[in-house]
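Step one of this worksheet: look at the structure below.
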């Protein structure tokens, strides 16, 4: 029984990480159908916002507010300048966003240097849960990820922006007849996706090395979370993260982690054969 | 990369054109004679973009420092050193392409550098058949035995064996290994097992994680259950930082040992590395006249940046090459290789020289990180490298 | 053509989407080498029926036979290879290929130069042979698609509103052309345009709310009260 | 019907019956490459040989991506399987040296084709197309790379396997730079010309038609998943052929020959040459290789920025590829001149 607690907490941590990094992807790839290979760099931008904020004397919480704003602004600018021209052609999206990703990585490295950036996270100690000590920050991460997820769902289900976005995805012609400007909605949706990714970057920074290349580690997996969960639905992300995260954690207790990760990816391919729409389609 | 570097490259390019013209003028001379006058050409090849940028930069700086010192002091046997810097992007394709360029197009006399194992394998596939000298300057698993390949970093018997001796005597008899999933940690784990067992100790388990692992939680959970006397980490590069962050947050209260830690890591993350033990051939804290001069010169040229063993080994490689050329009286590869076995250099870490297996006799220093610096716990002095069955 | 064409027969064919019944209990024979029309108001289930015959949609219950072979639930490409060709409602040709290339793709066997010329003149596209399909006007796209169906040398030709969007002249030409097929191939046409159906003098079946409410010669249908109420009466 | 798909009797497909500009360019390039060793010697020639093999790899991707419009992000998997097949066969098994290269090559090519068939079956028959296919194949490369790194007893792990013998067959050895260069050139030339020939026939038309409207092609009686699967497998086999020869040429394999970076690089090569032209893949590979050599030697950190910017320009300025961009300009110039007359 006691062994089960750290196991479930570890699984929850991984699920939360996947959830955080995939929510932005669920909007940009899942809803808007843009293959964004620069998604990882939006995460990196978030983490480096934390580096800058702390460098200027601010703290983690300030960065947690600043990063989504920075992500939103950069996302908005990039959408206007580049992404808006590539909605029609997935191949163009792949090339442009991959190019963008290379440029962002190198520019961040030129500005900040190659060595890992030092940052300070909140909650250094651990907390006792039913007699098992577990790092406090991880518990915070789990709670924060769930809260962000719930908030995102609410925005998409209840606000006008969410409705407009879903309408304009169904049919941009219909949406414009209804008085929605699809260009504006697309820009805001893309920027929101970037903002969520940047938020994930701040949350990940206390757990991992902050470098210009940190984002690429999350790219392929967030695609998979969205695909397996069901592109086109935000709630699918929870299903996808839940399945991949718990499976990977469980397998890693039994077989080498490398093999476990390969196995989970292979399983995802098989799932797509039988449920091409994902576990929880729109 | 800094602007000055670009200008330097441009200067070199102009120099190169001058050399080409000189080549036309002396076309009648036998090639060997022509090659023995004019500047000596060295190739620097390493990962300057991508995941190993930080190590590659330090390595390149140390290389440039050695070259500029030698050139300022009238060069090698009166000849100036020209150098060409190439980026292997930490890929085999990059390493092969650039090694070929250095050897065929730039016609360098020797190539120095490299970090990741796969790049030295790739570069060797070019340099060894071409019978050109390659000097590798990173501590590694140490199983290469080739006439044209020299290494100035530590190999397991210089790094792991002494560490295990001290750890089993002072920290305890059991350890748990966590490493990145590639050859250096895997082969080193075998060496650790053998060394631990020889001292009556035990490796409880060894786990290897793919590059870019974001969560070590489950592994740390298992470490906790296994309850080893100390934890041995061989995660590489950024994954080492990730591991340290999570290791500290779990607060296991275990001593951490990692021979991947050095001044570059400890100065970037003083809090994270605090208290960890490492074994390197070089730490900035070594007190010697040579090291003081080395650090001062480095600081003058590049500012207050950390130097690590990989960098110092690169610095040593240039000087060892210089000594060998002067001894051989020629840059002809075969003669230089014969001479390399007979020369030594007063390095920042102490005297270094090559053993008969082409690996440098280097120091082995056990130290503990203390707010970014390293306090020497025990200096094992110079250790002879052992590559089973290799004598060249 | 000397090949005997088997009978296309539907027995109690139904198809539902969730709780909605698009087609209910349709039984009908489409006689060999005969012109057949299916008419009915929008949403009557005409296209659904056609989709089931050519395998794009699975049959919920009932059976479709082509000769001795049960084709309900067979994959579309297999049904096509049995000799059932289909023309879609919206002209569906390959826009990035030229007219000739479209025929090369559709033909069941490699076309000889003569066969190609024959098809081109049949559908009146000889001058457009190297035009890219996307550049053809709407009417010519319709003809191209009919030509593609013919190049498969089909035994059954299913046509979904072949005159949609055509001019009066073009419609007349289509009707004339279809009559020349009588006796060579079984033709099933879905149509809206009553004048066109009358012109064809075809065996006609009327669908309403997914059910067959009448079937017979066009004269019979025209004089059927029920049909007049639900469909013809509205005109 | 399938038997007639590959059938291209001359004179049948009128628009393609003349030697098109692409074929003329292809033949021109091959002829130029034939006499290259007269001007380039020694080890530099081995660099050109590797460019030829990478061009073959790019050709294999263009065969699938360019012709079906479905982008595979996993082609490095097949290149890598070819390389590892060659290396594992020649290092782990004691096979008669007279045939070891052939066995290694066949093993690699066979493995690649098999993996393509299995994975292709799962996703192509599952109806996965477009962007989804791209992401799934991306995962394929990640898995393959995990296996290559994480199974050191077979693959040599991170540092790979060294000691792959030069390609030889029944005593004919291609060890020296010149013969291995010609081997690569012959294989590339044969693959290029034969795939151009096949693709100019009905199969090429049908694949283009699938891009336009797959359902319509099905109603014409074609098993479109099967056609896509076969093209994918052929493309994978060709990639493995390139990989196997590359491993034999350089004497070793390493996990970055089966990694995502290589998968993206090959996409760049094809995109630069203009996808769908086949010969463009070869030209694109050479151009990018040359640029990469030059730029990264001048300033290492400039290369990623240059290539990134190039990608963006590629889409925004010349979406059909720089080659097509230039060709269009030339055509327009010519047309303007004719108009003037």
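The first chain written gets the first letter, and so on, giving A, B, C and D; residue counts start at 1 in each chain.
Everything that follows uses one rule, which is that contacts are C-beta pairs under 8 Å (C-beta built on N, C-alpha and C of every residue); 3 or more make two chains touch, one makes a residue touch a chain.
Because the structure is predicted, anything quoted here is derived from the model rather than measured.
S.K.: Need the central chain here, defined by C-alpha centroid distance to the all-chain C-alpha centroid.
M.R.: The most central chain here turns out to be D.
S.K.: Chain A to chain C: how many Å between their CA centres?
M.R.: 50
S.K.: Would you mind pulling out the distance in Å between where the CA atoms of chain B average out and where those of chain D do?
M.R.: Here the centre of chain D sits 37 Å away from the centre of chain B.
S.K.: Just how far, in Å, is the C-alpha centre of chain D from the one of chain A?
M.R.: Once rounded, the distance between the two centres reads 33 Å.
S.K.: For chain A, jot down the residues that touch at least 2 other chains.
M.R.: Within chain A, residues 106, 109, 256, 258, 261 contact more than one other chain.
S.K.: At which residue positions does chain C touch at least two other chains?
M.R.: none
S.K.: What positions in chain D touch 2 or more of the other chains?
M.R.: Correct list: 146, 149-150, 301, 304.
S.K.: Any two chains that touch count here, so list every such pair.
M.R.: Once each pair is checked, the touching ones are A-B, A-D, B-D, C-D.
S.K.: Would you mind writing out the residues of chain C in touch with chain D in their complex?
M.R.: 54, 56, 75-78, 80-81, 85-86, 88, 92-98, 100-102, 104-106, 108-113, 129-130, 148, 152
S.K.: Quick check: in the complex, which residue numbers of chain A touch chain B?
M.R.: Per the touch definition, chain A meets chain B at residues 3, 6-7, 9-10, 13-14, 17, 106, 109, 113-118, 124-126, 133, 135, 137-138, 204, 206-209, 211, 213-214, 216-218, 249, 252-253, 256-258, 261.
S.K.: Give the list of chain B residues in touch with chain A in this complex.
M.R.: So the residues of chain B touching chain A come out as 49-51, 53-54, 57, 181, 207-210, 212-215, 217-219, 221-222, 224-225, 237-242, 245-246, 248-251, 264, 268-272.
S.K.: Please name which positions on chain D make contact with chain A in the complex.
M.R.: Spelled out, the residues of chain D in touch with chain A are 71, 119, 122-123, 125-128, 130-132, 134-136, 138-140, 142-143, 146-147, 149-150, 260, 264, 267, 271, 301, 304-305, 307-312, 314-316, 319.
S.K.: Going by the contact rule set out above, which residues of chain B touch chain D in the complex?
M.R.: Counting only chain B, the residues touching chain D are 1, 5-6, 9, 48-49, 84-87, 89-93, 96-98, 100-101, 103-105, 116-118, 121-122, 124-126, 129-130, 181-184, 186, 208, 210-211.
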